[in-house]
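Across the two complexes that follow, chain A remains constant while its partner is chain B and subsequently chain C.
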Partner chain A sequence: MNTRRIDRGLRRAHLALVPMALVALVCYLGATLWSLRISLSSSRSFPVSDFVGLAQYRRLFSNERWLHSLGNLATYGLLFVAACLVIGWLLAILIEREVRIGGALRLVFLYPYAMSFVATGLVWQWMLNPGLGIQEAVRRWGFSEFRFDWLVDQDHALYTIVIATVWQASGLVMTILLAGMRGIDADIWRAARIDAVPAWRLHLWVIAPMLAAPFATATLLLLTGVAKLYDAVVAMTQGGPGTASEVPTKFIMDHLFGRANIALASAGAAVLVLSALIVMMPLFYARARSNRRNA
Partner chain B sequence: MSAQQLMRPSAPRRWYADPARLALLALLVSAALCFLLPLYVMSLTSFKSMEEIRNTSLFALPPQLSFAAWQAAWSSACTGVACEGISAGFWNSVLIVIPSTLIAVGLGALNGYALAFWRLRGAGSLFAVLMIGAFLPIQVMMLPLVRLLAPLHLVGTLTGIIIVHVIFSMPVMTLIFRNYYAALPRELFLAARLDGAGFLYAFLRLMLPMSLPMLAVAAIMQATGVWNDYLLGLVFAGREHLPMTVQLNNLVNTTTGTREYNVDMAATLLTALVPLLIYALAGRWFVRGIAAGSLKA
Partner chain C sequence: MLALLCLALPCAAAVAAQAAPAARPRAEVLHWWTSGGEAAAVRTLADAYRAAGGDWVDTAIAGNEQARAVALSRIVGNDAPAAALFNASRQFRELIDQGLLITLDDVAQREGWDAILPEPILNAVRVNGHYYAAPVSLHMPTWIWYSKVALRKAGVEKEPTSFAELFLALDKLKAAGLIPLAHGGQAWQDNIVFRAVLANLGGRELYLKAFRDRDPAAIASPQFREVLSTFKRLHSYVDAGSPGRNWNDATALLISNRAGFQIMGDWVKAEFSSASKLPGRDYGCIPGFGAHSPYIIQGDAFVFPRSTSAATLRAQKLLASAITGRATQLAFSALKGSIPIRADVDVSTLDQCARLGVSIMKDRSRQLGNDETWLTPDQNGALADILTDYWNRDLAVSTVQQRIVAALTD
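Our next item is the complex of A and B:
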């Protein structure tokens, strides 16, 4: 009687996991493999099942726009992750030092994270509008030579996307680091106070190393955002001016739906996934190790 | 002086007597003002007329409050071909968010419960596949999903976009519930099993009621995430059900003729209002969601 009930329970448990199995195996694993397969074919608008080897990859890497987007993504990723980590960390330290006022201001630093990338991109597009935005406002204050026209400047358009998304995501880093600081033994803070260790030295040499796991988590989340960067670019610059702020996800989308070249788009997707995994794997590993040590 | 104060090596001085602390506070407050600036500019611009936008500074208060831009953004601005404002997008987003949230949170809780308490063979590997998938750009799975859903006539329908949202939120929803349930004492579950509770009974009558806070956190995360989505809505929702973010982008970026920045900003604010309201009312839960979502896998 009892074993039969357990068997029925197990059967139901298996049944309950069917949706998850379908999603994992069909929508994630299956879809990714299918994309890989398509990238080895000569498909244009519709999938065909011939095999052309790495021809699409060769075409991809002789495509000016793709190479440019990859370079853009690397520059963007480096600046975005670094700026978010530094600003988020400084905010966390300031709030930790000034618990009363900082606690109240904490929610101010996180509200942009609740906003969509589209809304974020559009607000900054407006603020950075060279004719009527910040540049014009500062000129009205009397600095008539002031220039801040990055939005329409080929060499600087990418940085406007960094600014907008750093504004959006720094609060996330701050939140994760604050949670990490709260988990640090109270004795350490007390000992530092008794020895009158300056705050910056305490944070740089004692607290920061203890925050390795939260830092890795934050970096991992930011890097995911880098690989997925799309909405903000579409809303803010549409990849322009020219191709100044093109990114790989946009290249893939344009070739999937606009230019009907799904094999080339799939090759791009495969390269993007591979680069994402290569960059993130060490972090996964570091996080798993530090978690095991703390367990 | 109390004993506690005596124990401190240096009793805290009043804040205005300490220049270092004063500088720190000033830094903190100016950083906060910087973060608030876009919200401030967005609101100001939405209440100005185009005339005032051209003649006043970006940071100047509007000479007189005008709600015309808000009205236009809601009901008469052009979002592509149609000129009916973004109100239709608002209702589309509502129709997408509610079922996507209910189904995704429910499935996430069920998955988490099955993973945490029922040690099924292979479940761990499935979960690993799911977690790796969460880090990949959606574009990689986009075309296969379109090809999969098209024969079922689900691309461009409300059902289709809801299914896609459930698919792409499953990793994080499963993760947070698995971690939550794994932290509960296993004896609790075993006792319920001994009392004769089956798979579903133990879930519905014991685990779900115990996870009410997590359900709220997950629902807030999911509702905000789905509301803010642009990419999935663009591809899977179809012309009839375009969510508010897509209509907003169309309104601002595909206008022909002179751009009306006040209408643009009113529409942006209207679109950001729902997640900002959720955040204002449930900021603490929002923060908990971040902590839960970034926990170790």
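Our next item is the complex of A and C:
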């Protein structure tokens, strides 16, 4: 009687999942396969169904801008993920220790995540513009030699995007880690207090290893953010100066529409998805394993 | 909704009145003219269509790339608008090849397009002897604009007539503490500056060899090399805030007399006008250097997707002749900042820069197509990537030449 009810409940649950599964299959998987097919054709503005093998991929990897974009994405990804994790973690520790400004910090750092980057990116652009923003303000205060022109500097433009997106995303990391810390047995905190373990040692050697799963979750979320980085670049630098801050998604979008070359754009998308999978698979695997061990 | 309202209100008469003109030709027009001056200009086209007996349904989409993407996907998805705006270029060549556009041969014949349209525009709209697009505006992308006040302040007495004189003037502006060249560091604007140098310094022949013939020898030649280094030399005259700046913000520097020159299309006139600046009094316009400098033509044109409905076809034909009419063209050009597409319009009411442009256009040997006339959007984009990279970075000229050859012969 009881098991039958559970069975029926399970069946209903599965039934409720069907629409979502269909959407995932048709829209995500289907569209991915369709893009793969297009990337093997000679399509320009319209999809055509011929077959040119890997010609588009060869073109892609002889394209200066594409290679440069991939390099940019790797640099950006490393800096962004590392900075978000460190800052998010420090913030979580501060709030966990109920430092007085914790409440304010939580608001300040979670708030950006709720805002569209197209809007905040514009504000960042103004702030970082040497003629309008921080540099000009500091100079007017009397420091006439002050320089902060990364936004218009070939070698530093990418870092301004790191700064702005870290500002946006570290609040998310903070929330995830905070939730993880709240889930840790109260006895451990108490034991640490009784033994008078310094806070930094407690967090670094005791708590952090216990937060492996939340860290992995945060990293996964951040990495998806890296792969789809687009709005911040468009809003802040448009890939410039020159091609200094170009990213793969912008290359794909440009070729999909303005440059009317959907086959090359699809090849780019396929490469991007593949590299994202290669980077994220080990993380998925590690997380699944640690979940199973916990269960 | 209307039916619901009618239950509540005695408006059967109103519905009848609305139903009656349904027999009128009705055309949905998709375009990207959304800024103040552009919207005012497109209204003149809508008015002309209405006066000719049609109903204009306006679909404006901000951003030309977005608008074209929407047009393409609607055409492919069998939900095409009656007319869609494109640049008079190779952008709609694939639509023609796939047989998705109607021909306008009868309209072209009746209006005598062969005689009144400039050659570069004809080349874009006429494919294999058939006419596939109705041009509406001619812009010239490489005008050299200058602020009279700024030049006077820097001690530049007369407007430059060669690159040597331009560089002298730029040096004086720099010495006077002004921004010599107001430039927005975005790829398409870098590209415009390059085209200005190529057309004026390299000349018509080199321009055609590079863009039309995509001739590797011409691109590798010493003349092309000189064009590239002159282009790069201009970079030393822009201010630090240039990268990423919008074109109209660069024009604002001229309007406030903080900068001397700007190389940009004639759409900047709308910015000057809205700041109550007059050509000849507050600002000057140089079409190019020398008595025979080429006049680059960048046109906009409407294409008319094929449909099965005879009513739509009728509406499309009416639209094509209404928007290319003489009076419409004059009214439209005055607001858009462009010049009329046809040579048989009296332009004495237009501003002095437009009149200068029209008088240059009379000499067919000075008309020159935009690079998009010959290059696919893809090649054009690859070229823009290389040029903007070169503009912003220290690259050997020979490397740039090699890259351009590779991009255009790909």
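One rule holds for everything that comes next: the second predicted complex is superposed on the first by the 268 of 295 C-alpha atoms of A that agree within 3 Å, B and C clash if a C-alpha of one lies under 4 Å from a C-alpha of the other, contacts with A are read in each partner's own complex, and residues count from 1 in each chain.
Everything that follows uses one rule, which is that a contact is a pair of C-beta atoms (placed from the backbone, for glycine too) under 8 Å apart; a residue touches a chain by one contact, two chains touch by 3 or more.
The model shown is predicted, which means the values in this text are computed figures rather than measured ones.
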- Query: Is A:238 in contact with chain B, with chain C, with both, or with neither (first, second, both, neither)?
  - Reply: both
- Message: Once the two complexes are aligned on chain A, which partner has more residues of chain A within touching range, chain B or chain C?
- Response: B
- Task: Would you sort A:109 into first (chain B), second (chain C), both or neither based on which partner it touches?
- Result: first
- Task: Could you look at A:140 and tell me whether it touches chain B, chain C, both or neither (first, second, both, neither)?
- Result: first
- Task: Kindly classify A:26 by the partners it touches after superposition: chain B alone (first), chain C alone (second), both, or neither?
- Result: first
- Message: With both complexes overlaid on chain A, does A:67 touch chain B (first), chain C (second), both or neither?
- Response: neither
- Message: Tell me the contact category for A:126 with respect to chain B and chain C: first, second, both or neither.
- Response: first
- Message: Tell me the contact category for A:45 with respect to chain B and chain C: first, second, both or neither.
- Response: second
- Examine A:258 and indicate which partner it touches, taking first as chain B and second as chain C; both and neither are also allowed. second
- For chain A, which residues lie in the overlap of the chain B contacts and the chain C contacts? 125, 129, 132, 238, 256-257
- Message: For a test of understanding, state which residues of chain A touch chain B in their complex under the given definition.
- Response: 5-6, 8-10, 12-14, 16-17, 19-21, 23-32, 34-35, 38, 47, 91, 94-95, 97-98, 101-102, 105, 107-112, 114-119, 122-127, 129, 132-134, 136-137, 140-141, 167, 171-172, 175-176, 179, 193-194, 196, 213, 217-218, 220-221, 224, 227-228, 230-231, 234-235, 238, 249, 252-253, 256-257, 262, 265-266, 269-270, 272-273, 276-277, 280, 287-288, 291
- Note on the structure: Counting only contacts in the complex, chain B reaches chain A at residues 8-10, 21, 24-25, 27-29, 31-32, 35-39, 41-42, 45, 53-54, 57-59, 107, 110-111, 114-115, 118, 120, 123, 126-127, 129-130, 132-145, 147-148, 167, 170, 174, 193, 196, 198-200, 224, 227-231, 235, 245, 248-249, 252-253, 261, 264-265, 268, 271-272, 275-276, 278-279, 283, 286-287, 290-291, 294, 296
- Task: In the complex, go through chain C and note every residue touching chain A.
- Result: 65-66, 68-69, 72, 76, 91, 94-95, 98, 185-187, 239-244, 376-378, 380-382, 385-386, 388-393, 403, 410
- Task: Spell out the residues on chain A that touch chain C in their complex, using ranges where they run on.
- Result: 44-46, 59, 63-65, 125, 129-132, 149, 151-152, 154, 157, 237-244, 254-261, 264
